[in-house]
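Two complexes come next, and they have one chain in common, chain A, joined by chain B in the first and chain C in the second.
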Partner chain A sequence: MPNERPWLTVLLWVVLSIATLFPIYWLFVISVKPAVELFSTPSLFLDTIYWKNYVKVIGDDTLRRYMMNSIIISSGNAVLVTVLAFMACYALSRYDLAGKENIFFWTITNRMAPAAVFLLPFFLLFTQVFAIGDWKLYDTRIGMILLYCTFNLPFAIWTLRPTIDGIPKELDEAATVDGATTWQVITEVIFPLARPGLAVTLILTWVFAWNEFLLAATLTSFNARTITTGLSEYVTTTGTEWGTMASISIITLIPALIIFSVVQRHIVAGLTFGAVKE
Partner chain B sequence: MAEVTVRKVEKRYGNVPVIHGVDVDIADGEFVVLVGPSGCGKSTLLRMIAGLEAISGGTVSIGGRVVNEIPPKDRDIAMVFQSYALYPHKTVAENMGFSLKIKGRPKAEIEAKVKRAADILDLGKLLGRYPRQLSGGQRQRVAMGRAIVRDPQVFLFDEPLSNLDAKLRVAMRVEIKELHQRLGTTIVYVTHDQIEAMTMADKIVVMKDGRVEQVGKPLDLYDNPGNVFVAGFIGSPAMNFIKGKIDTRDGQQIFVSNSGSVLPLAGARAQPGQPVIYGIRPEHIDIGPGGLPARVSVLEPTGSETQVFAKLGEDSIDAIVKDRLTVRPGEDLMLRIDPRHAHIFDAKTSARV
Partner chain C sequence: MRSNAVGWLLLAPTIVILAIFGIMPFVYVLYVAFHQWNPFGANPLMIYNNGDNFRRLVFDQEFLTSIAFTLKFAFFAVASEIVLGYLLAQLFMKEFPGKGFFRTIHTLPLIVAPIVVGSVWRLMTTPSIGIIPYLLKSWFGIDMNIGRDANVAFALTVIMDIWHWTPLVTLTLLAALVSLPKEPFEQAQIDGANRWQIFWHITLPMIRPAILATVFIRLMDALRTVDEVWMLTGGGPGAATRYVGLHIWKLVFPKTDYGYGSAVSVIVLYLTLVMCWLLYVGLVARRDQKRTA
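Up next, the complex of A and B:
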């Protein structure tokens, strides 16, 4: 259908983009102004740029640690979850497991309760059960990586299953007859064809872990504290350091943008075209 | 190259038996076609030979070695699937070289073998393309190329031509046959198309409902079908069947149909009075004086020949004649049946008598 009024489409997208990007711009404006100016002469325009907030944030060892924690926990969790979900989906899709639809459904039920419901059990597990001598799972990066599996793994299995189911079984069979082992079938045939689905799963689980606040706030104190949680430390009883918070927020967006731009290239449609003639 | 022996092979899905003790012997280098109507278990049998389907009973041997417990990758077979099953993310060359790459063969060897197979199948110009950029016939050839590169003991084909249009199917039929003559590898080929079976096979295995109905050379099956099913399945257009019984007249056995038409027999074939089915192929019926009067219902001229659908009393009968006919539907003509080509089957057991 030819577009009769292209300018209308353009206008629509411009308006939508402004609506979406404006808060981010605002955030940026706040991050590059001294605190005094923020309240004395509120303005949306940038006449001078004040980098002190950034200098302070980047120079702060604690914040750097929080940032590193966030990156390690999110990426570690996203990769672990995606790999596990990939193998789980392959098994669910290709093998006649007894009661596999029940297994599948049961996995999903983990996502049905609000995260807060898990708070207390996890706190007890992390402080009392998974503890060897002085060492506890509480406030560790590995603890957080495993914790997010509870929520991300069911979600990932659910997102990935249609992708794996959509890869014709004849391809597995052809590869098997061609001499491939199950592992080779997975790496040579299934993995390349599942790439778009894997990329989507990776991004979404990464974002979940990156943004998660409640559990991170409860189950970490310092060592494994994430940047999302660290941010809230700037809201204190004596006031809020808006400029610092805004600059941390802007910095927090950067890894997300990098992940998106790297992974997004793999999200392409129609990879299995031409495999089998239906 | 190797022979394939299928002994008393059974297949059950849960409690549902779909193959009931099948025996097939395939000699080294033989081109064997498994043919039968849809759902008769051809693919299942082929997949058991390939190792893609577990064997519920009996044994399958390839090259004298029982392979029941051997996984497909170690059976040294190559399979061409009905859906081609090309790897969509690999180029034609990569598709064809995949099995060698998996085995860790050196690059130069892979390239040489792929090139040789590509030459045989005329795929040289397409080696860099992806499956989605190929036509149906080209994909089919790539699927065959992938099999040839393997240089396997046995080729397994599961209805490789059924997705192609009629013209291409005839061309590929010839190509596959030439390929077999050239490579001499044992081939097990599944189809439900009896013309493919007749034209390509050294030996045909006719299957029905999970059982082997008859095994033989194409023309043997055509000349001496063992039962009504095989008689009706092999040959196109299909054989005419008329129900009736044997009688004797003037010391000669004749066939009397249930509607009273009398058809000739050559020699004594059965007990007088025995209920039988009389089978005669359309191409063994001629038109001319001295025949049996029949009423024409439909004529189908194809240029080279004319198919006549007629009524012999109550019984439908069709004939194929070389002449162009001037009769019209509703008029009578005389059908001359060559009694030497008549087949008599027992009405109860439907076996040949």
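Up next, the complex of A and C:
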């Protein structure tokens, strides 16, 4: 869209960005203060920077492992969920399946459950049902990747469906007439047009998996423990190690930022429909 | 015509995964909901109690108030997020210098884990050590005390939620907006339609499914918020921010009252479902009516 006053827009975004960044700035402030200073009179700016929290966090092998787990679990889950949701949305949008609208609504109900009581059945499922000999789904990365589908898959299906529905059916039909297989229609016609929707779905499912706390805290112990859960180990009944927690949080922003900036480039208009339609 | 078998095949993995991780745990919780069960209490056995949990729930004042507070919280948070998120998505549709940069900054809150968000907001707002009450006091002479004033605590949970989740709305609506065909807008401009007319007659009907999906997601997430509010206020002062997710949390963890906790969860799930279903049917039905009219 043309913009008559681009600098006004920039000014507006600068103001909005300050509001957005302030709590994150404050997180950084907490991360570079020794614990005693947190409980004195606050000041907006820093006069000294205390790096010890970061030194401690970066040198910690356990945290590095948690970080790696988080990256693998979130990325694995986001890709799996986006692919499955893409397939499911194509099916819901293009095929005349019996009861498909009910199935569509049912998927979202899986996201509604308040987590606290569901931890127990998940725990039983992971330690008793999916256990073959010594192997258990409990505390495995694959277990978490699959489990996060419960809340991410409904989300992905609901955010992608409008995008797929919005792509005119004439395009599929034209391609089919030209002899394209279903696979070719999905990958060569629908996929490029659905790219903005897919990118947003990928980002947001990644975010939900990355931030998830309750399930990971219950269903992992060490091998598959995620960094978000690792963080909570610094929030204890005897007091919170605010500085350590804040510095880990700041560090965890980095991989997320990299993934964001790579994927966000795809949130741009694909082909315009009119150009392909006629 | 292509065969429906392919359609079912594409849908199958989703159905299988959700059946295993969605239905099985639900059946278990439903079973527990009909029992008196406190596995760490004096009597750890599961005893069938003929729906007593549900009878108890109807008269549970704490539960009923928590439902009312949760609805109020979800309404204010989600309504603000949708309006704000839509306006911001429209702003991102314009061309301006540094667009990618500002978009990344705008999405930053999403990647901060809820427990961390809650912790930071708590440190920012705690009286005497927090920066916000401090600045309000020294710049405007306003006293703000999250630990004493229920309205302040409520407002802060809403503002925190808006800060954290508006970017999600912006992104989903942005994806919907960039996918729209350009022709209707160009045509409308040629016909001399003003901004409001274009929004009301063209944009809104076209991105309505995306808005609906976003409202649903945000609504059900707001209804089961736990971590952030738990860290910010712990449910207080009194029970002012003790939303239903926290209520269940308190039943299950400190009290280990699994039977009753399960019953509350089943009811909350049921209420959420009914609310979303009515919203869904209402909006979809109205759209179809319009189409035939």
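One rule holds in what follows: the second predicted complex is superposed on the first by the 232 of 278 C-alpha atoms of A that agree within 3 Å, B and C clash if a C-alpha of one lies under 4 Å from a C-alpha of the other, contacts with A are read in each partner's own complex, and residues count from 1 in each chain.
One rule holds for everything that comes next: a residue touches a chain if its C-beta (ideal position, glycine included) is under 8 Å from a C-beta of that chain, and two chains touch if they have at least 3 such contacts.
Please read these numbers as outputs of a predicted model, since none were measured by experiment.
Engineer: For A:Met68, using the defined touch cut-off, is the partner it touches chain B, chain C, both, or neither? Pick first, second, both or neither.
Structural biologist: neither
Engineer: When the two structures are overlaid on chain A, which partner does A:Leu146 contact: first (chain B), second (chain C), both, or neither?
Structural biologist: So A:Leu146 only meets chain C here.
Engineer: Looking at A:Val15, would you say it contacts chain B, chain C, both, or neither? Reply first, second, both or neither.
Structural biologist: neither
Engineer: Name the chain, either chain B or chain C, that contacts more residues of chain A.
Structural biologist: Comparing touch counts on chain A for chain B and chain C gives C.
Engineer: Quick check on the superposed pair: does A:Ile49 touch chain B, chain C, both, or neither? Answer first, second, both or neither.
Structural biologist: Neither partner.
Engineer: If you stack the two complexes on chain A, which partner ends up touching A:Ala180: first (chain B), second (chain C), both, or neither?
Structural biologist: first
Engineer: Applying the document's definition of touch, where does A:Val189 land relative to chain B and chain C: first, second, both, or neither?
Structural biologist: In the superposition, A:Val189 contacts chain B only.
Engineer: Which partner does A:Ser249 contact after superposing on A: first (chain B), second (chain C), both, neither?
Structural biologist: Touch partner of A:Ser249: chain C, not chain B.
Engineer: Share the list of chain A residues that count as touching for chain B in one structure and for chain C in the other.
Structural biologist: Looking at chain A, the two contact sets intersect at 176, 193, 270, 272-274.
Engineer: For a test of understanding, state which residues of chain A touch chain B in their complex under the given definition.
Structural biologist: Of all residues in chain A, those touching chain B are 168, 170-171, 173-181, 184, 188-189, 192-193, 270-278.
Engineer: Which residues of chain B touch chain A in their complex?
Structural biologist: 50-52, 71-73, 77-79, 81, 83-89, 98-99, 102-103, 130-134, 136, 139, 146, 150, 163
Engineer: Can you tell me which positions in chain A touch chain C when the two form their complex?
Structural biologist: 1-3, 6-7, 9-10, 12-13, 16-17, 19-21, 23-24, 26-27, 30, 38-42, 44, 84-85, 87-88, 90-92, 94-97, 103, 105-122, 124-125, 129, 146-147, 149-150, 153-155, 157-159, 161-163, 165-166, 176, 182, 193-194, 196-197, 199-200, 203-204, 207, 210-211, 213-214, 228, 231-232, 235, 240, 242, 245-246, 249, 252-253, 256-257, 260-261, 264-265, 267-270, 272-274
Engineer: Taking the complex as given, what residues does chain C use to touch chain A?
Structural biologist: 2, 4, 6-8, 10-11, 13-15, 17-18, 20-22, 24-26, 28-29, 32, 88, 91, 93-98, 100, 102-117, 119-121, 123-124, 129-131, 134-135, 163, 168, 171-172, 174-176, 178-183, 206-207, 209-210, 213-214, 216-217, 220-221, 223-224, 226-227, 231, 244-245, 248-249, 251-253, 258, 261-262, 265, 268-269, 272-273, 276-277, 280
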